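See the structures that follow.
The same chain A turns up in both complexes below, where it pairs with chain B and then with chain C.
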Partner chain A sequence: MEKVIYFDNSATSWPKPEKVLEEIKYFLEEIGGSPGRSGHRMSVAASRLIEEVREAVGEVFNYSDTSRIIFTKNITEALNICIFSLLRTGDHVVTSSTEHNSVMRPLRFLESNGSISLSVVNCNSDGTLYPEDVSKVIRKNTRMVMLTHASNVVGTILPIKEIASITMENNIPFVIDCAQTAGALPINIDLGKYKNCVLTFTGHKGLMGLTGTGGMCIGGDINLSPIIFGGTGSGSDGDIQPDFLPDKLESGTMNITGLAGLKAGVEFLLSKGISQVRSHERKLVDRFIKKASQIKGVKIYGTKDANRQAGLISFNIKNLSPSEVGLILDRKYSIMCRVGLHCNPNAHKTIGTFPEGTLRFSFSYFNTVEQIDYSISALEEILKIG
Partner chain B sequence: MDGVITFYSSQQVIKAEKVLKKNGCKVILIPGPREISPNCGVALCFEFKKEKEISKILNNNKITFEAIYHYPKAKKMSKWLD
Partner chain C sequence: MEKVIYFDNSATSWPKPEKVLEEIKYFLEEIGGSPGRSGHRMSVAASRLIEEVREAVGEVFNYSDTSRIIFTKNITEALNICIFSLLRTGDHVVTSSTEHNSVMRPLRFLESNGSISLSVVNCNSDGTLYPEDVSKVIRKNTRMVMLTHASNVVGTILPIKEIASITMENNIPFVIDCAQTAGALPINIDLGKYKNCVLTFTGHKGLMGLTGTGGMCIGGDINLSPIIFGGTGSGSDGDIQPDFLPDKLESGTMNITGLAGLKAGVEFLLSKGISQVRSHERKLVDRFIKKASQIKGVKIYGTKDANRQAGLISFNIKNLSPSEVGLILDRKYSIMCRVGLHCNPNAHKTIGTFPEGTLRFSFSYFNTVEQIDYSISALEEILKIG
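Showing the complex of A and B:
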């Protein structure tokens, strides 16, 4: 492929580390079996591989109880499992005004059919959230707090540690959407201490794995029931779903090829160090903010402080729609980015960009300072056309 | 190899195998004999005289297992493996 500048890592990360392709090839050629199903060496090799993926993911989240690290097909599925298995009629849920539709849509569904009541705590227009605003709305029947670690639109990092303490004190499950942060910045929630928390993740963004993978690390006090039932390779002498983890929540055959790729992606990250990845992305965000702020006609959203932002930034160009700019960036400058509403209308309402949306640049370890500088000159040129 | 540890879940078998090998125990993963391991397709065989030691390591590492059996037939199976 011609040389492109890929600034759409919040949608999916690209490129993947080379080892990811190698690991997939190795799996398909040498392992090939279905884990936990048969006793032959190819199936056993697959079982061993899956356990290694759990261990690798466990290292990212600093969680060693691998039976409580569950794999799903994406983070949307993990969030849905939490919602549909923890909530009962009459429960109250707290969430924020910058959540992705994977959080909002299932919650709005349950609210609209009268099952739950929902408090949507307002973030400020820069995406920040005050923990006390979450405390204020907690009630006797609050059964879950569900928040993003950093919004996929505005990128502002939310105070999840403070909220983990608040929810732990109130004995409320706290489900955190780490879609934009897992692998990209250290997630300092010790599930050994905050047993009321669930850390959900996707495999194909910051963790550098394949699409079709995701999951969650479940704190020791959280008891999730399955929403999908089926074969697990265990208890096959009976037709009742097993009640032990991970089998209880992993019915059917997983995306083993994808998980093989995820293992390689995670191992790559751990070899570089997630703090290094964070440091690199923060430098890119910082450089973009500083340079873009000097261009008249570029409006940047969020705190404008790279220390408080994940590795993504939303912005707009004066007199030009996001779609138009996005098309020119793609066709003329080979810069890939996502424009529009990013599956997150509420975040755009929060920052004041609804319904037009924004352009979003989202970075990975593989983006460079030179690419940032090039994109800045591209925006300057585009502004002249507008 | 005349002892067999049976499990509910193959994930626990893999964990157990890792932990026991790390502690210097000789264990071999075998297809779970149906009459003692109806729940899970694989099991671990070991020298039954090491039962107490094995059991202690599994419990210390919070590995969930179903049962430990004296199963002399395992000798025949393990002959096929390393």
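Showing the complex of A and C:
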């Protein structure tokens, strides 16, 4: 590919570590079988691979109970399993005003058909959520708190540890959307202690694997039931869904090729160390904030404090629409970023950028300080011309 | 890999055409973006790729309305969407005694919680289903007929065209499980005519693509609603699921890497021609049936007529359990096949092989006459020793 600067890692990370393609190639050429479906060596090797992926992901989340780590097609499926499995008519759910449509759309669906009631706790205009605001809206019938770990629009990190404590005290399941943070930030929720928590993740962003992979680590007190039923390679003498994990939530043939890639991505990540990755991305965000803040005509959203941000930043350019600027960045500077609403209208209402949206730069381990500086020059040029 | 004979293509096809890996490599290195999520060139190229996959799959099913071809993580998800979306409390469903657990488990779940009633039409002991037996059980409240195109256990092809007519006359949705036939048999259901039909498919068997891909072609009279809600890259100014196809049924980031592989698989298939592939596989089944029938101690199940079978065959060896024979085939002859119940207890009850199951040989375009002959010699040797 022509040399590009890829600042759209919150949509999907790119490039992937080289080993990702190697692992896929190895799987396709040397393993090839369907896991858990047959007894021959190629199927057995595929089953072993799946277990290795579970173990690798378990290491990311410090969770050794790999039977409670399940894989889905994306994080959206994992969040939907939690929602449709845990909620019953009459339940109350707490979420925030900075949630992605993967959280809001299923919840709004249940709210609109009268099944549940919903409290959407307001974050302030930099995306900050105060734990006490969550405490305040908890009711007797609150059956779930569902929050992102960090907003995909503005990057602000939410106080999930405090809310894990609040929900544990109140005996309420707490489902955490780690789409923007798994692999990119240390996630300090010990599921051994916070058994009421579920950590959902996607495989193709911070974990550096492929699209078509995601899943969740399920705390010991959470009992999820399937929303998709089918063959599991287990209990094949009956046409009733098996009742044990991980099988009951993994119907149909799994994305074993994708999981092979995920294994390579996670192993790369672990070899670098998540805190190293975090430190690098924080440095990039910090540099961007410091430099962009000095440009007249650039408006940065969020906390403007790299320590309180995931590796992404939303901003706008005076008098220009985000999509105009995005087009110029692509065409003239080969900088790839996302513009608009990022599947999250509520976050934009929260930070005051609805309906035009923002420009979002989102970084990975592979971005560099030089790229940040180049993008700053680009923005300066655009402002001069614009 | 050490040279093996792979006869487990009904679980997942192997090897894949060489272009599959090439297409994945091209996607990862040269495209990389998330489809529909951003406006930059890498995302636009990913969106274009998805449309190309839809068009390629449309060619397989002779269906030009690509907005009604949707992708899921596997065929199990597609079948579940049909079941949970179309059925309401009090509905009656017709299925057969040769269905996979991807059909039976979701239906049994709804039956067991009192939502639906279920008629399971008996196939005879060679797996044949008579259309008139389906007609007989249709009631006023029959809301769905769901049948496999060909049994994954015994290979017998079901008369889906006749049943498409019966269901159309009765204005009943007919969902067809093409797990074993998509790409391997011409599927003569014209969705332009049979608008009450849904053709579900998997990407990693006859279509020669990767696990983690599947989907369905939805006839024009069928209105499906999502079972998973979330970001679609469309209608991002609202937190309500969009109501148009394909977006409403494709929440969350799609398995674009897998779909890139599927495109290559389908293009390979189309370049060979599905009827050529069918003809080759039929020849293999025919040769196996003819030769194995002459071995005393081999019992073949099914119609024993290659014209009435998909490219797979179930059999047993006198006085030996399927798993014993499977182990010897793997260890001593490097023949990979599936043994046991194949996620389908009902089919085994139908053909009289429950609970011990069968040995199943399932073929692809890449299998050869020489491999069939070698496997026949292997079975003869095993019988001599056994």
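Here is the rule we go by: the second predicted complex is superposed on the first by the 386 of 386 C-alpha atoms of A that agree within 3 Å, B and C clash if a C-alpha of one lies under 4 Å from a C-alpha of the other, contacts with A are read in each partner's own complex, and residues count from 1 in each chain.
Keep in mind that, in the parts below, contacts are C-beta pairs under 8 Å (C-beta built on N, C-alpha and C of every residue); 3 or more make two chains touch, one makes a residue touch a chain.
Bear in mind that the values here come from a model prediction, so they are computed numbers and not experimental data.
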Figure out whether A:W14 sits in contact with chain B (first) or chain C (second), or with both, or with neither. second
Check the residue A:P246 against both partner chains and state whether it touches chain B (first), chain C (second), both, or neither. first
With the two complexes superposed on chain A, say which partner A:G311 touches: chain B (first), chain C (second), both, or neither. neither
When the two structures are overlaid on chain A, which partner does A:S323 contact: first (chain B), second (chain C), both, or neither? second
Chain A residues touched - chain C or chain B, whichever exceeds: C
Quick one: is A:I24 in contact with chain B, with chain C, with both, or with neither? Answer first, second, both or neither. second
Which of chain B and chain C A:E51 touches, first, second, both or neither: first
Which of the two partners, first being chain B and second being chain C, lies in contact with A:G39: first, second, both, or neither? both
Taking the superposition on A as described, I'd like to know which of chain B and chain C A:G233 touches: first, second, both or neither. both
Touching both chain C and chain B, counted on chain A across the two superposed complexes: 37-40, 43, 232-233, 236-237
In the complex with chain A, residue positions of chain B that touch it: 8-15, 18, 29-32, 38-42, 62, 64
Per the contact definition, I'd like the list of chain A residues that touch chain B in the complex. 35-40, 43-44, 47-48, 50-51, 54, 65-67, 232-237, 242, 244, 246-247
Which chain C residues qualify as touching chain A in the complex? 1, 4, 6, 8, 11-12, 14-16, 20-21, 24-25, 28-30, 32-34, 37-43, 72-77, 79-80, 84, 100-106, 108-109, 112, 202, 204, 210-214, 227-233, 236-241, 251-258, 261, 323, 326-327, 329-330, 336-346, 354-355
